[in-house]
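After this come two complexes, each holding chain A, first together with chain B and then together with chain C.
Entry: the complex of A and B
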């Protein structure tokens, strides 16, 4: 076995050598998944612009609304009418629900009128009411728009892989592995500060290592923060022992823990009936108390004498920029007496320090503070994190192309071949899948049933195809083919958009539609980078000094046609 | 390389992985339970415990793959977990739950 010779293995050699082993293997096995989580998470920073680009039918509507915002105000109904309509709808349609929630208007008093409630199964349900008449809007009457997950696809994928709880656990385990890889990487790295300023280009393996170190060290605090907050957001799912020990493990028990954490003092149903009073006076008092326009009115136990009426505010954008905790203001009243039971100012939480910390952890992870500049900072750091995983995975193989290490016994070269293929599919293939998702948004027919599922299917299908292709093609050719595909798809995305919707980049820029323009400009930037990578792969290879290496039995296995071929990425 | 050596190192590897994954999870969980007993504001304390439990987990994984022997790693982890649980019971008893 090769490990025994160089004292390299689990718990072998010095502490630092043992950590280098841990960093290599923990890093390798999780790098692909973490890269996928990071890249999609980075795109998720701009969830809204992506959704905007993916719903072109809304553009005209939004523009018309923006132009007529002043005139529309008078035509639309007052806040008190909207509240009455919402309440009347709920009384008529959902008298037995545990909770009613009215979203009467946007921060300017216009916009949609929406209602939500807990249905018989305890699930959140929603309806939209016409703000001019108060009647429910039938979904079928709405203008035909393409059904799409939009940018939310990237949000969902990056934390639960579209696989619900199972996916959440998988991503959680990967995030823990990332923390381990970060810590062991820092321990391994002797001259962390010196290497910070070192970049040796055109040196093959050395250059990959320098790049891996540079992106990791530069953004290390961000990488620690994002991995930690990512786990901590869902900590009550991942670490249920404390809740189970003191509250029990049933769904009821977990709910009572959440209530105790976030809504201490929530009353029980009294059993005596009492109609829900008119909401306007509550809303006006609530708005004055929290200093924000009303966003939502929540009625707990409607129809019961113990009912509570909570008035929640709209956060103003520049207000949010300065707050790590992104909660809005809230005033809670007793429906029976009108007495103020609880007041939360914007940024506060209803619980104590623990619940405030959770709110800040969420804010830190999702970049709810700091506005657009911070989103860009997160975006760049996220890309650096993705680059850290990608260069790490490539480095693993580059190291082993020249020097077979026989970690997997007689099947080592086969395993190397697999790792090389997975590298291609995970790194470039995912890019193809992401931009392919945008292509599917434009190419799939609008009236297709379950259209958003088909878009998702295209995403996963392209990714699987990329893996199959990488397994069948020799590694250098696989890198080239897939990089070419990525370049073509990215560079032609604006053309596709023009052909399918008639919108184009120049028009977006002229109209000041920065969201759509941003999506296409970034796509072009990725395309250009892919072309640059292609040129770089085709460059003449520098002559390298052959390292004297031990002739081992395993070396003969290296004369495998694929793995012995000079990799295009060395 | 003899067969016994290979199987021995395979056993050692399995013991390390188990210490890292299961032992790390167990000690993090024990920590959360202990935190719940530490303060009257139980809910807050549990949340604080859940937020900090990752330090234990990461430390356990790092240590499980350090040059210490698997036997020692398991021994120390078990002792720590038992101590945490004993402290939990003692605290609950002292405070009369």
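Entry: the complex of A and C
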């Protein structure tokens, strides 16, 4: 790692020292952002359970649906009726739309009947039809549901920071920096095999280094995979040259690239009108060809003679235990002649090896395969990755306990103080923001307009407050205060849920609602861990052996003395 | 065989394998027996045992998932087993070594059943 003051610098010393320099600085400046990306990305593994917990008004509906699976036989005979109802609704309500999409039933032939279309503004629009009568379910009749981003907040934040393309680029660059830090870290780690299973507790800096090494080295395959696939998923954004050469770089060109990629062979409108034929025969042929029950029927240019009908299948859960590519089957027919135009078997792609690779890379990153055990593996490895960033950032400061390395000249102690504050806000503050997001979901009034934006606002406000707090408090107090806040918010989350919705953990467990129970159990686990961390920070400290947290104290004392001299930071 | 049963078997085998590999190293062997070095025969035996147990993680994985999917899973289970080993050896080497041996045995037997 960074050597004595004289040897400090990028090009100084041996190859390994140069790599250590790279690892230290590349790691430090990106660790906070990467930690945020990793922690939210880890939570995003369980996007659906989090969304489920955040939409308690849906629980009754979902339970009713789960019960109706038993009566699937009765529903099965009505697939043709469901198709007719969907088609009739679209003909009546949206005759001019460019695309109709019917989701007639779930994989068992029961469940909801939904329809989607592109509205006049080119936006995706949806409606739910009553599967017993075919009439549209009036949104006003449905119980008022809280508007929320749900678990998708964590998905969006971890790859776009809620900032669209700009955020995607920032995260992409950070992911690249992570690959650099991983490679340079492996080179720097001289005793990678000798220390493979080593963790020496109660040894101060040594313990932090052991922990940093253990969580990183032991989950290295996962860390490489997740960073690499994370970049590769968005390769068309990060490496646009190929697309620009063939299609150009205007917005129109990008759109035509998307069409060529996702909808190859899409016909032009013919201008001749032709009513949409009865869908059932297409659906039955499609189901037989792909060997899956129908999930969606997509009609391009309905009402035109060039219309085509795509039948998409449901993947069974078992299918995704067998393959990495998560695509479902698809059969595309000409509406006029009934001729089969395209066939994609489950797991296949349109467009050759490149597309298949892309599909597998996407599956690898998003854990679409392998079922729940795999999601847990991703979750634990993701937490290990977050711990890698956090311990790295803490280690940076622990190493500089009480002794300047003078990297920033005369303002070194000020910069150290800032880094310590950012450490607190990035590591514990983000935890507070995440659980605060769940609190906001229960506390904000349901009628609030733009409610989901307010939830997001609470997330960012809490995070900013955490940073301000960490800048104003001395580092040891900042760690303690924020850890206390995290513990309280996490441990009281089930209580808040009970007071606001009347649901509680015991009921979830009795009903077998593992998604809601999982969210609250994990929250309690984090709360308990935060309490343990608090006790650990308050433990009596031996005089000679320096403990990691002491650094904060030493440093704050040093900084205080220093700032008293300079009068720059209080 | 459910996915969870296979996962438990894979985890047990992985923990056993990683613990055997760890105990083949002087530092961790010394945590059990106050000696400076692992006797050569023990070292070899522990390494072979560890390697075999880690390879055996494939068995439950392939049984419940396909060859491609289980490649990803096996890497994950190795990581998890190694993390557990580090934590366990640091907590109490002796107790953990016994627990890992029992788990590896149960995992192996239930796989061959």
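Methods note: the second predicted complex is superposed on the first by the 512 of 570 C-alpha atoms of A that agree within 3 Å, B and C clash if a C-alpha of one lies under 4 Å from a C-alpha of the other, contacts with A are read in each partner's own complex, and residues count from 1 in each chain.
We adopt the following convention: a residue touches a chain if its C-beta (ideal position, glycine included) is under 8 Å from a C-beta of that chain, and two chains touch if they have at least 3 such contacts.
The structure presented is a predicted model; accordingly, all values stated were derived computationally and were not measured.
Superimposing the complexes on chain A yields a three-chain arrangement in which chain B and chain C fit side by side. Contacts of A:109 after superposition: neither chain B nor chain C is touched. Applying the stated contact rule after C-alpha superposition, one finds that A:324 touches chain C and leaves chain B untouched.
Of the two partner chains placed by the overlay, only chain B lies in contact with A:19; chain C stays clear of it.
For the combined arrangement built by superposing the two complexes, chain A sits at the apex of an angle of 90 degrees to chain B and chain C, based on C-alpha centres and given in steps of 10.
Using the contact criterion defined above for the overlaid structures, shared-chain residue A:134 touches neither chain B nor chain C, since it reaches no partner.
When the two structures are aligned on the shared chain, A:293 is found in touch with neither chain B nor chain C. When the two structures are aligned on the shared chain, A:364 is found in touch with chain C, with no touch to chain B.
Comparing chain C and chain B on the residues of chain A they touch gives the larger count to B.
Once the two complexes are overlaid on the shared chain, A:351 sits against chain B while remaining clear of chain C. In the superposed pair of complexes, A:277 makes contact with neither chain B nor chain C. Of all Cα pairs spanning chain B and chain C in the superposition, the closest are 19 Å apart. No residue of chain A touches both chain B in one complex and chain C in the other.
Per the touch definition, chain C reaches chain A in the complex via residues 3-4, 6-7, 18, 21-22, 25, 27-28, 64-66, 68-69, 72-73, 75-80, 82-83, 85-87, 89-90. Chain contact summary for the complex, chain A toward chain C: residues 194, 196-201, 214-215, 218-219, 221-222, 321-324, 364, 369-374, 376-378, 380-381, 384. Per the touch definition, chain A reaches chain B in the complex via residues 1, 4, 9-15, 18-19, 21-22, 176, 179-180, 183-184, 187, 228, 231-232, 235-236, 239, 241-243, 245-246, 257, 260-261, 264, 351-355, 357-358, 361.
Remark: chain B residues 1, 6, 9, 12-13, 16, 28-30, 32-33, 35-36, 41-51, 53-54, 57-58, 61-62, 65-70 touch chain A in the complex.
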